[in-house]
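Reading through the structure tokens given below for one structure.
Per-chain residue numbering starts at 1, and chain names A, B, C, D, E, F, G and H are given in the order in which the chains are listed.
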Amino acid sequence: MNKDLRRLLQEVAAGSVAPGTAFDRIVNKTSDLEFARVDLDRPHRTGFPEAIYCPGKTPDQIAHIAEALASAGQTVLATKADEKAFESVKALLPDAEFNELARTVVVRASDTPTLAGQVLVLTGGTSDLPVAEEAAITAQTYGADVKRLWDVGVAGVHRLLARQNEIDEATVLIAVAGMEGALPSVVSGLADVPVIAVPTSVGYGASFNGLAALLAMLNSCAPGVSVVNIDNGFGAGFMATQICRIATQSK
Amino acid sequence: MNKDLRRLLQEVAAGSVAPGTAFDRIVNKTSDLEFARVDLDRPHRTGFPEAIYCPGKTPDQIAHIAEALASAGQTVLATKADEKAFESVKALLPDAEFNELARTVVVRASDTPTLAGQVLVLTGGTSDLPVAEEAAITAQTYGADVKRLWDVGVAGVHRLLARQNEIDEATVLIAVAGMEGALPSVVSGLADVPVIAVPTSVGYGASFNGLAALLAMLNSCAPGVSVVNIDNGFGAGFMATQICRIATQSK
Amino acid sequence: MNKDLRRLLQEVAAGSVAPGTAFDRIVNKTSDLEFARVDLDRPHRTGFPEAIYCPGKTPDQIAHIAEALASAGQTVLATKADEKAFESVKALLPDAEFNELARTVVVRASDTPTLAGQVLVLTGGTSDLPVAEEAAITAQTYGADVKRLWDVGVAGVHRLLARQNEIDEATVLIAVAGMEGALPSVVSGLADVPVIAVPTSVGYGASFNGLAALLAMLNSCAPGVSVVNIDNGFGAGFMATQICRIATQSK
Amino acid sequence: MNKDLRRLLQEVAAGSVAPGTAFDRIVNKTSDLEFARVDLDRPHRTGFPEAIYCPGKTPDQIAHIAEALASAGQTVLATKADEKAFESVKALLPDAEFNELARTVVVRASDTPTLAGQVLVLTGGTSDLPVAEEAAITAQTYGADVKRLWDVGVAGVHRLLARQNEIDEATVLIAVAGMEGALPSVVSGLADVPVIAVPTSVGYGASFNGLAALLAMLNSCAPGVSVVNIDNGFGAGFMATQICRIATQSK
Amino acid sequence: MNKDLRRLLQEVAAGSVAPGTAFDRIVNKTSDLEFARVDLDRPHRTGFPEAIYCPGKTPDQIAHIAEALASAGQTVLATKADEKAFESVKALLPDAEFNELARTVVVRASDTPTLAGQVLVLTGGTSDLPVAEEAAITAQTYGADVKRLWDVGVAGVHRLLARQNEIDEATVLIAVAGMEGALPSVVSGLADVPVIAVPTSVGYGASFNGLAALLAMLNSCAPGVSVVNIDNGFGAGFMATQICRIATQSK
Amino acid sequence: MNKDLRRLLQEVAAGSVAPGTAFDRIVNKTSDLEFARVDLDRPHRTGFPEAIYCPGKTPDQIAHIAEALASAGQTVLATKADEKAFESVKALLPDAEFNELARTVVVRASDTPTLAGQVLVLTGGTSDLPVAEEAAITAQTYGADVKRLWDVGVAGVHRLLARQNEIDEATVLIAVAGMEGALPSVVSGLADVPVIAVPTSVGYGASFNGLAALLAMLNSCAPGVSVVNIDNGFGAGFMATQICRIATQSK
Amino acid sequence: MNKDLRRLLQEVAAGSVAPGTAFDRIVNKTSDLEFARVDLDRPHRTGFPEAIYCPGKTPDQIAHIAEALASAGQTVLATKADEKAFESVKALLPDAEFNELARTVVVRASDTPTLAGQVLVLTGGTSDLPVAEEAAITAQTYGADVKRLWDVGVAGVHRLLARQNEIDEATVLIAVAGMEGALPSVVSGLADVPVIAVPTSVGYGASFNGLAALLAMLNSCAPGVSVVNIDNGFGAGFMATQICRIATQSK
Amino acid sequence: MNKDLRRLLQEVAAGSVAPGTAFDRIVNKTSDLEFARVDLDRPHRTGFPEAIYCPGKTPDQIAHIAEALASAGQTVLATKADEKAFESVKALLPDAEFNELARTVVVRASDTPTLAGQVLVLTGGTSDLPVAEEAAITAQTYGADVKRLWDVGVAGVHRLLARQNEIDEATVLIAVAGMEGALPSVVSGLADVPVIAVPTSVGYGASFNGLAALLAMLNSCAPGVSVVNIDNGFGAGFMATQICRIATQSK
């Protein structure tokens, strides 16, 4: 970005760009809806468009943010969405797709790149599927190649060991688990790639809505594990995609 | 106990026991020191003598409680003891033994039974040794046969799988771990006997002094795991011994 | 298990088992549904089949997991189940039984053994019944002999003392209590067998959904108490059954 | 107090009291040291003088507050005091007495009344003594008749039942316990008088410095229990004395 | 109670009571319903009958416990009751009265004594009324004289000071407040009688369902305050009644 | 206020005010409804009338408190109100206005002053709007000039930097944010006026209903930030108005 | 700042400023020490220089940051400083002053303005003095007029009411309190200016190192209260000064 | 690994490997010290040798584990080490290097590869240096190219924007911050590579030893952030190195 700034200042000095225009370029790159300031510059800065976190937004607001992104040629990804949000988006963007399990609404930009590497998503149990699927959909939407490995929790560690092959082939792992959240620790001890741990709110009592799994994952005795928020499949999928982009760019 | 009461009342009716004596037997079976009421009836009720939890007690108080127990022919086991407590006990009971790692002081009663079965104590890491040793010493003191298996944490799950033989031979397992506390879940999936989980305060940051391990163990996705207090090696050793006694009595 | 591995390798060396077959036996013993990897090897490893924790699973998923277990001749036990889950299972397995209070669905394998010993389940109050009943049903399903003793909370400690006989006869106790969770401490002081403590979410305000009872039980001043998750009647019943199996095997 | 105000206003109207004097009486009744505003009016309002909580105050500050109270003929009670605080007070008030166990410094006013009724202080274990003794000293200092009953914790409930006589004779009970804090619940079920529960920080691990005992006591299933802060023997002794004063005044 | 036991043993010795009868009297004084063990001996031990905490009990269970108490001539007080519980009780006990605000169902025993003294219930705000009313109804039901003083929170401390007269006349105060829970501290500084503090779950955000008020009350800088559980109006009313009984007995 | 008291006492001394009248003036300035004690003196003491916090109050209670305030010529502001509360108020006060987003009901007093300065309300995201709007409405209702700047969260810090002009012109800033609550820290580093931080409950998982944002704001490394309760737009708007009044009075 | 940017771009366009120089002005205004990046631009942006938070920094680091600030003609204020930090600063800046109670090191810039208005700092008790003094020193250092009012806690609310005059004269109040933290609520009900609440870690047990006071202050039922971190006297003093600057600028 | 297993079984079948040898290879690859089971197979499985977490281990234990690793030609990295641990290691391994700030002891294997890409470590403030340096040393030790950027906290966001160049050049970012922990959110909005967030325990009061920063980072509104344990510089450095290895392998 600094390079852009230097060039812009030189253009101002050269008279090829007016000061007022330069000012606008420096301070102004958002699409202002009444209720939101869509950050259309984000792909430039961070490589990915802004995603829409649905809770607390009306279906109408979601649809208009989605439209602002799509108009700018950017991929739309709305998370924690419900049926109503989807219908509202679909009315404006007919290509929108809803994944009921993952609770995502997606309109993929046509120029989405195909990334190198492979993301392997593992879950501790069947109840962790919605969060795991959110991670998988996120990574796929942004161009990554994703494999799924469901229900390989640590109570039957042989189920996991039996899939060493898939672990060996992955570029990055996403380990999704609730309850005691031990999956990332065990997985990380079997893998030579980064493990992104996603605690889920699956459990009851002293699970405290995912706190137990979160703390366990943060305290993993196996290094190479980093953690995202409880139930934050999107965040894990996003980070995995960034890592795949490194693999892509390094080629 | 109710059988005792029925018999006692019949003896009162028969005149062979005076009412005052009966009253005393029903309500009174403790050794009153000035500062403590040593529960000498506990072996009768619970099968084991009272143990001495040292913190908050002066060396002098510890020594006198120890003496009251020893005088009644009962085993002395003082936990979380330091050097001073040991010396104070040793002055009164020269047979007292101090285990510096486990922080225990022991004077074993001569009639301690030898129990059937085997207790296997496992630790996640080297830093968990003091708590694990407290568990092991406790079980040994009360008559159990104890095996130790140190440093088989889940980050290298093959270290644990390599010891399936020892797991298969145990009557009851004590799994001691700090940090993410995942050991009991993995162990329980490999064993067909009860696993007593002991969270330790080993760790830092979001371990919150053992809270992370405690919550993880309570949320174990593998059944057959129950949990004692953080760093409570004594409690785990005690319960394991009770289970060995069931094995003994069932013979 | 290691014994099996040694034998298998000898058979490979002897040519009686092909390497590919050996490979499959070592790494592969699960029934793969689309959404779940049912661990059919668990009875071999842990002595009991996998149970089904219903929350977060659809009725359909529950039914298919149940069917996979039943097809393998294993007992089906689904916990925290509702009416819909039951109906879905019953459509596939007509022998399924629903316990509305305990919220369990059960299809018992015909070869379930009858275990030695006796499990005594105690509750602090009437509101603890659903959790206590889940514990009782679990133990019965797996072959244990179970007695129930309801509403003997510590506010009227004489109600508990009056039942010393039942306590004396038990092989293992399950003490279920909410609110201040004091029942296991008092019970353990009256018993010479292990006490499995189950905190319940019964209470309000500073009970924090069972946290108060959980912490109290973990801090029991009476040894011989270990604790399972809040409302985890299943876990307690399971562990009690393991202990009864020790009594059975030691005969 | 309103009676005083009405009378004062009438005196102003009658000219027997000047407005300025009345103003002072209404708004001004404190002894201003540089660092503290000693509330000498408190006995008038609340029946007892202000007590001195020592932590965070210098020995010098403590001594000067003590002197201000003593000069006004009021009883001095300093809590959580150490040797230095005591020496500093003694230099100004030679009658000051230090109780090392309870960590109190006391200079009793000569006109302290003798109160009716009896306060019975019970502890769960020997480690709870310092807090229990603070409660006992507080009640005695303010004129109550106090009995002590140490080490009657719930792990040996017979020790407590054996002392029903003493419980029956008390006007108010103070139950002091750490760990699982179950003593007040059991005691309250045996008594027909109020039980003031004092959680102590005795314990480790999931005791969380007394939090477990505090929560347990707040959730007591036996009514008639109210709770003061962790380790707050002073507060319990104070409230017990107020109750004894009701017994005294009702005579 | 010990007096009863001594006398009973003497009667056994004298032959006037058979051993079996004595045994029953010692260990057996409860009314056993299928799901509950109603503690009919409680008035004898604690001066008040058992109350019924409704949540977690079916309307049918509540009604049968109520009937067991009423049949024994004891007062029925059911708390946190709803319309359905009331109707179920009323079907068996037509005199039952429902207080919708306090959520209590009451059937008062005809021989309830009239107690000396006065209970003053204060609230911080209008939203605290349900809990305050539960306290007031409880005390009235058990025979106390109760006054109510609503909405005198500390944001307008003059509202409270204006009622010093009522404070001066009370035997015991119940201060009910949510949010910052400061009312008991201020009230206790104006009163020379015990203050029972009841935190309520009124508030939002960092109130954490009453935790803020609870902690504030436990840390009151004014002594003479003790605290019951969040929203536990019943507990406060019960304890206030016990204090009034002391005033009554001391007459 | 002391000035009023001095003058009043002089009038009593002069005979121009009767003692009884003086007494009433000193202790009595509230409007007593059956369920509430409306503090009509508050504008005199604090400059603003009492506001109505709706949760826990019936629509009827809300309407009568509103009427008592309006009758005294004071502005009515009811917060966290719903449709029903609004209708109930409107039936008594037809000028009442409902803001559905902010959940406020307002009846503005005709003599509300126009304050100097400007309040700038910023939000991190669209989901924070309801709380931000509550802050804005509150400040406007009490006479402040309010500007809104929505959706300038720190993930796109350029959106915020682009609005430095608006920040420079404000007298006081209200920064409303959920999730990681970083907005106030960044804003405060760009502003030379006070920042009132409002954490919102927007977020999920380890947001713990706004706790994460609250803690972050309290730990702001940028000084000049102070914090109100989670979701407490009203409190922030109120304090901002007080600061504008300082600007007004200093003119 | 945007005005500066517009002007700068016009100067670049006019050729009076080189692009490289403009670039540096836009992105570069810090003093880079090896271990710190002193933000010398802060007075320009926020009106006050950067302060030095000492914990975690070596005396040497503190001294060099102080020197960097002083060299730029800016006021030095180091907080939570100890003797060693002071000496290290004094060696480089001989005018440095240490306040032992407040733990501040100050070197005041000669051009510090004198601000209008008055800051009144109140404490609940003597133990709160260090934090209160930190607030007072901070405000004085930055040019505010500060008054102190110590030990007016709510247990003797008359002490506070007696000082209504001082409250009436203040422009902004800082209320410092530990334990139950009720002071700000009561004060705010007596004042028509903003109250900045500072919870202190004074207290024990369920104070949880100031958490109780913090939560209470956040839940204040009196509006006009905002809160800074526990023991953060600096933050409160800083914000109070900002408010006084508004009073100054509005003149 | 499965490939290894298949090949091994074929060798057994072919008779070129004895069954016993195969057994050993499958289950046994650790170096057994008396107190530890050093996992020498870890580089094979995870690409990096086991690191030594020092707390809870004696200097002697640390030294022997270090020696076991070095003997196997593996890099030694001991974290949270003190002077004594270093000296103990140095006695056995004279090449050991101690970094006092980072508290690391390192003996680098001669064949450590040089990795592609660049790790940029940023800190919020000077007090975060020890943790940041631990991250940097870890990454360097394992072969990564590391750049440091200290003291760019969000209170002066321009300091960070001024370094956009360095951010643009990095392959992966490590953002280390205490207090409100906002740095990763802001950084992630400026970067198109993964951000590993490290909360530190820097702060006081409501920082709760790093909990505030941890929660903030987990709730980052900017995606592409994942989090390790509080003060876990090692974990962050390790994961960053894994990502650099992906960049290396993809070349």
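Here is the rule we go by: a residue touches a chain if its C-beta (ideal position, glycine included) is under 8 Å from a C-beta of that chain, and two chains touch if they have at least 3 such contacts.
Treat the numbers as computed from the prediction; the structure is a model and nothing was measured.
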item	value
Interface sides of chain E and chain F: same vs different residues, half threshold	different
D-E or B-D - the one linked by more C-beta pairs in contact	D-E
From the options C-D, F-G or D-G, the pair that copies A-B, where over half of the contact pairs coincide	C-D
Furthest chain, CA centroid comparison against chain A	D
Separation of mean Cα positions, chain F and chain A [Å, integer]	38
CA centroid of chain E to CA centroid of chain G, Å	48
Chain A-chain G separation of Cα centroids, rounded to whole Å	40
Interface hub residues of chain D, defined as touching at least two other chains	2, 27, 42, 45, 125, 155-156, 161, 164, 188-190, 205-207, 211, 214, 218-220, 222, 229-230
Contact pairs between chains, per stated definition	A-B, A-C, A-F, A-G, A-H, B-C, B-D, B-E, B-H, C-D, C-E, C-H, D-E, D-F, D-G, E-F, E-G, F-G, F-H, G-H
Interfacial residue positions of chain D with respect to chain F in the complex	2, 5-6, 9-10, 12-13, 15, 18-19, 22-23, 26-27
Residues of chain D that touch chain G when the two form their complex	27-30, 35-37, 39, 41-42, 45, 50, 53, 55-57, 61, 65, 80, 199, 201, 209-211, 214, 229-232
Sites on chain F touched by chain G in the complex	1-3, 42, 45-48, 51, 116-117, 164-165, 168, 171-172, 188-194, 196, 214, 218-220, 222-230, 234-236, 238-239, 242-243, 245-251
Residue ranges of chain B in contact with chain A within the complex	124-125, 153-157, 161, 179-182, 185-186, 188-190, 203, 205-208, 211-213, 215-222
Chain D contact footprint on chain G (complex, rising order)	125-129, 150-152, 155-156, 158-159, 161-162, 164, 202, 204-207
